[in-house]
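Shared chain: chain A. Partners: chain B in the first complex, chain C in the second.
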Partner chain A sequence: MDIDRYERLWIMLSAAVLLSLFLALVYSVYALDIRLVDDAGQVDPATAAQTPPFDEPGVYQEGPGRYRVVMVARAWSFQPAEVRVPAGSDVTFQVTSLDVIHGFRVPYTTINQMLIPGQVSEFRFRFAEPGEHYLFCHEYCGVGHHTMQGRIVVETAATGAR
Partner chain B sequence: MATTTLERSFWQALPKPRARTGFWSWVTTVDHKRIGILYFWTALAFFLIGGVEALLIRLQLARPEQDLVAPDLFNQLFTMHATTMIFLAIMPLTAAFFNYFIPLLVGARDVAFPKLNALSYWMFLAGGIFLNSSWVLGGPSDAGWFGYPNYSLSEFNPGLGVDFWIIGLLLAGIGTLVSGFNFIVTILNMRAPGMSLMRMPMFAWATLVTSFLIVFSFPVITVALLLLLFDRVFGTVFFDVFSGADLTLYHHLFWVFGHPEVYIIVLPAMGIVSEVLPVFSRKPLFGYSVMVFSTMLIGFVGFGVWSHHLFTVGMGPVVNTIFSLATMIIAVPTGIKMFNWIGTLFGGRLRFTAAMLYSLGFLALFLIGGLTGVMLSAAPSNTQIHHTYFVVGHFHYVMIGGALFSLMSALHYWGPKMFGRMLDERLGKVAFWTLFVGFNLTFFPMNILGVMGMPRRIYTYSAGMGWDGLNATSTLGALIMAVSILITLYNLVTSLRNGERAPADPWDGRTLEWAIPSPAPEYNFARLPNVSSRDELWVRKHPQLAEGAAVAASAESDGPAEPIAMPGGSYMPLLVSLGLFIAGYGLLYSMPVFVGGIVLSLLGLIGWGFEGDNMRIIQPGGEQ
Partner chain C sequence: MTMGAQASIARGDGTAQELYRPPETERRLSLAFITVGFAHLAVGILLGLLQGLQHAGIDLYAYVPFVRHYYQGLAMHGVFNVLVFTTFFIGGFLFFVAGYGFRRPLVTSGLAWTTFWLMTAGLLLVDWALLTNQASVLYTSYAPLQAHPAYYLGLVLVVVGTWLQLVILLRTFFAWRRENPGKRTPLIAFGALVTLIMWTMASAGIAVQFVGFLLPWSLGWMQGIDPLLSRTLFWFTGHPIVYFWLLPAYISWYFMLPRQVGGRLFSESLARLAFLLFIPLSLPVGFHHQYLDPGVSEGYKAIHAFLTFAVFMPSAMTAFTVLASIETGGRARGGQGRLGWLLRLPWRDPSVAAQLLAMVLFAFGGISGLINASFTVNLVVHNTLFVPGHFHLTVGTASALTFMGIVYWLVPYLSGRRLFSPRMGVWQAWLWFVGMTIMSRGMSWAGVLGAPRRTALGTAPYFAAEWTVPTWLTAIGGAVLTISGLLFFINLIGTLTASPRAEKLEVPVVESAPDGQDPVPGWLDRFAPWVTATAVLVLISYGPTLYRLFGEMSLTIPGLRPY
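So, the complex of A and B:
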């Protein structure tokens, strides 16, 4: 088929744009380690508050520079509402909702997750710099939705938990 | 008229409307043009309601920590704003133009099923009134336009608000679905001689593809809403997580409908722009056949992208990647269209009328909407901005920058044909620039706010977040948009009263609707046109400019001028929808009323089936 030179150029350019978008996707997942969250198990929301690990929400150290945050969300609070970890630590969050669908969003990070009752959400993030992050519920959950917030405090490594 | 004497004697006793003017002629009309005009004014009224809701939302968010409206009212406002704008304003406004112009564009005297068309309108009106009546009957739903369970179940959301929302949408949904079938049949079967599919104007193609999208996607939302209604009214446990239900079922059902819905709104918008740009560039549409195929491709792939609304649910990298790619692929046919529109403008003799300005505005703003859509489609970048104001900014660029701007363009372009009066060009241009500035002031800051982390659907926010200035700007923009809408309303009202009488072909148009007087007579075409070109009217006006085979076009080959049989009015469509409307309230308040409503509706259907067609024979006047 005879295709005009300019048209062929445009077709190739569009294909190149699509291809580069796809490569950017692969690159960001595997090289930049932006994790796309996977299914991390089920938990009965009626008994989740009594089921380990969600019976004791909190921050647990799992090794040098590695922490696990077990958190439950309910209308309209996170428990624990404040998380303190030292800078440079790898934090794995394990979260579920006890009532309706909530959200878990920490601006300026890659943390953005829906919390669906009955489903465990697990995701991790490396807090490199000391500072304070807000944690928002971003899935509309009723009258108190805008008050459903938490804080993540990243402390300088010296004053940290160790 | 081959009815037996027995049938005649019984069914002809049914009352049949005879009025040709006044209230009853409008209530019982089956004329596609009158139904289009009814759609237009009703949708405009709902648009104003939705607009006031939007203004209240913006005023509440203008400054941090305000309490201008109560939190629960705020939640009801954003729920009703979205529901009203999507289902009761933008979609019916496109339906107004479908109704008035599809038969004219394809050279038909009416739609395939005129009474069904009336039913579509009355179901839409019933649904709209039902939904909005919840404002005075205990308050509307506050569960968002998506109504995700389990927040929307009785356990967390007692009261009738969500029930009103479900039943209102079901009622309006019947109208939409029926309309979808009606326009598929009309476009496939009612075209004038010679109007092959590939000679149809782009707006007819857009309507055809949109109608298929409606037919395939509305049943899905109907199922989702019915399951939700059963959970709320009859105590089933489809979405009860405490009984082991999986809530993501509703997410998928909702978005299998919800994403094609975006194209149901945007494809007609693209169709309108594809009509307006050639006329005001004095050039045929560039790349017509590619435009047709990209419309189909958007419609087809549009069904395979719904999970991009659920990237943060936890579906896993494989699923997310597939839906990312499918979504990016949509950008290809959309990009093709964009370049073809630019190709249409290129080298043309441009006339910057109000209609043209709105269409050009569409090109600029829809481009931003599309590009922010591509940003959202990449799953990793999606996790930076999902459920933030970035998404709000994005889809308003699609819904307003895309749909509303094209509808405004259609109003200025086709308004003279619909109403028989020219709209004021100067006011139209002032309104365009006001809307353009106001719109960008309102919604561009939202993209930035989203990247800064402002979550959606929050009642208020703290002062220290750095969001104050942008939110104040956004509210200012919303007020400017309101001014623009008021200017357009003023233009509409004064022009329809005192405006210059519209000639048959005010814009030097290219398609068949401009071949007949303004407003179009009841029978549309005194002689059915014999079509030989995509730009039929243009070729007839300028035979020396026509290319190749198109030269044969002439009025001599049109159908014979003979008396025309047109369907008269009927009470039955109104009766059927009135019955369902009453049944809706019955379901919430009293079973006997519910049964009564259903019986009324069934009686209407039986009458519909047997009353006959009430044909009227018209002798066309001296036109043509």
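So, the complex of A and C:
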């Protein structure tokens, strides 16, 4: 097989570019600690509403500056629909769906998850600045899909520390 | 059965090329497939316009018969455009290039017609379920959203049809090999075989999903379903399907377009290698659609991310070989300088213009695809409008506009009628290019700003002010695309009904390199090693996860129809 000189160069350059981009991703995972959701356990959606922790959705403080948000999604709402945490909190979300597949998205953050009935989605985010974020479902879940939303209010540390 | 006519004509370079004309029944077969496919695209395009306008706040669904709401229209838009239009066009095109490439009748055209009617019967079930709002589950069929059993059964029949097509192509291939011992597989037929071999292996995922789970579950024979397993099986097929859409365009770009611009294939070996690489590399990449799924381990997601970067390589090779091949045409036509040859290409030929413009946008589609595939960067764009912004450049342009370009010579050839208006064809191609550039820009922009895909944004309470301009761009681009589509269909219908009979028409096909000039090693003309490599890669990348998911499978979750 004869390969043209320039074509050989092009192939090597393409491979090098792809490899560097891939290494940048490895860097983002290990050095910047941006992680993807893993296998965080299963829960039967038929009984999830009676099974801890999903029997009592809400915001729980776990330590100084650390919170856990337990949430359930169903067509077409999130429960709780509003989350309040103080600025500077590390928040761990634990979310599942009780009916069909939903999504969980907070724009301008790295919060972007699928919620699959039967599966638990667990992910972390640090809310550094006070402000208000909206969250919504980003997977089609029926005719009311575009109305499925919630709010995350990040309060200034003074008022938020309760 | 009528045999194809054979004749010889003298070519400019002194060699004689055998002309082959496929039997009439095969020409009608390909035309039938292509017509059914494009009829669905026509409906799909109009529904796309409605979506674009809805995002910009203009809701016209109340005025459209059959379509009750945004999501029913969206389900039809997706299924018609990427499942029906593509599969039926590809069905007709691959039958044609295989028969023409092998220069012999298909084995058999009777079975090929059975395939057509089977697929069409399935399609009618799908159409009925969609039109009556009993299958508004979108083309991904994500359970526990449930559709009418007719919808799942119909799609199964369409897929079975594509398998029958592989059977016919293989039988024709074996017959050809007996008649032509020691010869290399003709290029276009080789491309058709690679496409269907890859696709048939890839479709194992949805075959198990639909026949094993969705269909019995929708019939009430199975109590519940496992949504994660179902969706994992879907994406087993759901990514490689994009190469099923793309490879027929590559057949044209590599093996036909260079001839249309008066050039030659720059490197036959690398062309064959790129095609063959798609067999093993298309499949083990599906988790890049499931990066954000709970219940799939991060490690296997990373393996799929790496392999997704690997499947970029044959496309990078394509960029070089195809451009270099086209350059030989531009130079043969007197083009000078670094880029001067570009201007000498036959831009007034609508088939050429459409395909060259499709390639330009495909470059951006490839780059945005790399962004989606990028593991952590995907967190910014997953399930946002950035994703349709990407795939309207790939399947919506690289495939769709190329298929339209192919129609500009193929339908005249099949129907024996001249193209109704080449000028209108050139306008159509440019309008698609401009419309898609605007629309894709709008979608990608809105997506980066967080706007979700598959959402009736125009009535979403969280619609952000900053999404206004991008959604307007999307609507304007969509309107330009609709005009382009209209011109295309006027041309197509005009050709079939109102155009004068044509004289002898040529099928543009590049020559295989003469032996000795570009030696093609034997391993570039065999399929078995690549099929084996696919099995190994799939076992490594999917085996452990599928084994676990089947082990943990709980068929308890009932179906819902919230539409």
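Methods note: the second predicted complex is superposed on the first by the 149 of 162 C-alpha atoms of A that agree within 3 Å, B and C clash if a C-alpha of one lies under 4 Å from a C-alpha of the other, contacts with A are read in each partner's own complex, and residues count from 1 in each chain.
We take it that a contact is a pair of C-beta atoms (placed from the backbone, for glycine too) under 8 Å apart; a residue touches a chain by one contact, two chains touch by 3 or more.
This is a predicted model, so every value here is computed, not measured.
Pick one for A:141: touches chain B only (first), chain C only (second), both, or neither.
Both: A:141 reaches chain B and chain C.
Could you figure out whether chain B or chain C reaches more residues of chain A?
C
Once chain A of both complexes is superposed, is A:60 in touch with chain B (first), chain C (second), both, or neither?
neither
In the superposed view, which residues of chain A touch chain B and also chain C?
Of chain A, residues 10, 14, 18, 21-22, 25, 28-29, 32, 34-40, 44-46, 75, 99-101, 103, 105, 107-108, 110, 112-114, 116-119, 121, 134, 136-146 contact chain B in one complex and chain C in the other.
Would you tell me which residues of chain A are touching chain C in their complex?
Per the touch definition, chain A meets chain C at residues 1-4, 6-7, 10-11, 14-15, 18-19, 21-22, 25, 28-29, 32, 34-40, 42, 44-46, 75, 99-101, 103, 105, 107-108, 110, 112-122, 134, 136-147, 149.
Considering only the defined contacts, which chain B positions touch chain A in the complex?
71-72, 75, 142, 144, 148, 150-151, 156, 241-242, 244-248, 310-317, 320-321, 324-325, 328-329, 331-332, 335, 339, 374, 378-388, 452-453, 455-461, 465
Where on chain A is chain B touching in the complex?
10, 14, 18, 21-22, 24-25, 28-29, 32, 34-40, 44-46, 75, 99-101, 103, 105, 107-108, 110-114, 116-119, 121, 134, 136-146
Once bound in the complex, which stretches of chain C touch chain A?
69, 71, 74, 138, 142, 144-145, 226-228, 231, 266-267, 269-270, 273, 290-298, 301-302, 305-306, 309-310, 312-313, 316-317, 319-321, 324, 370, 374-377, 379-380, 382-384, 449-450, 452-457, 459-462, 464, 518-521, 524, 552, 554, 556-557, 560, 562-563
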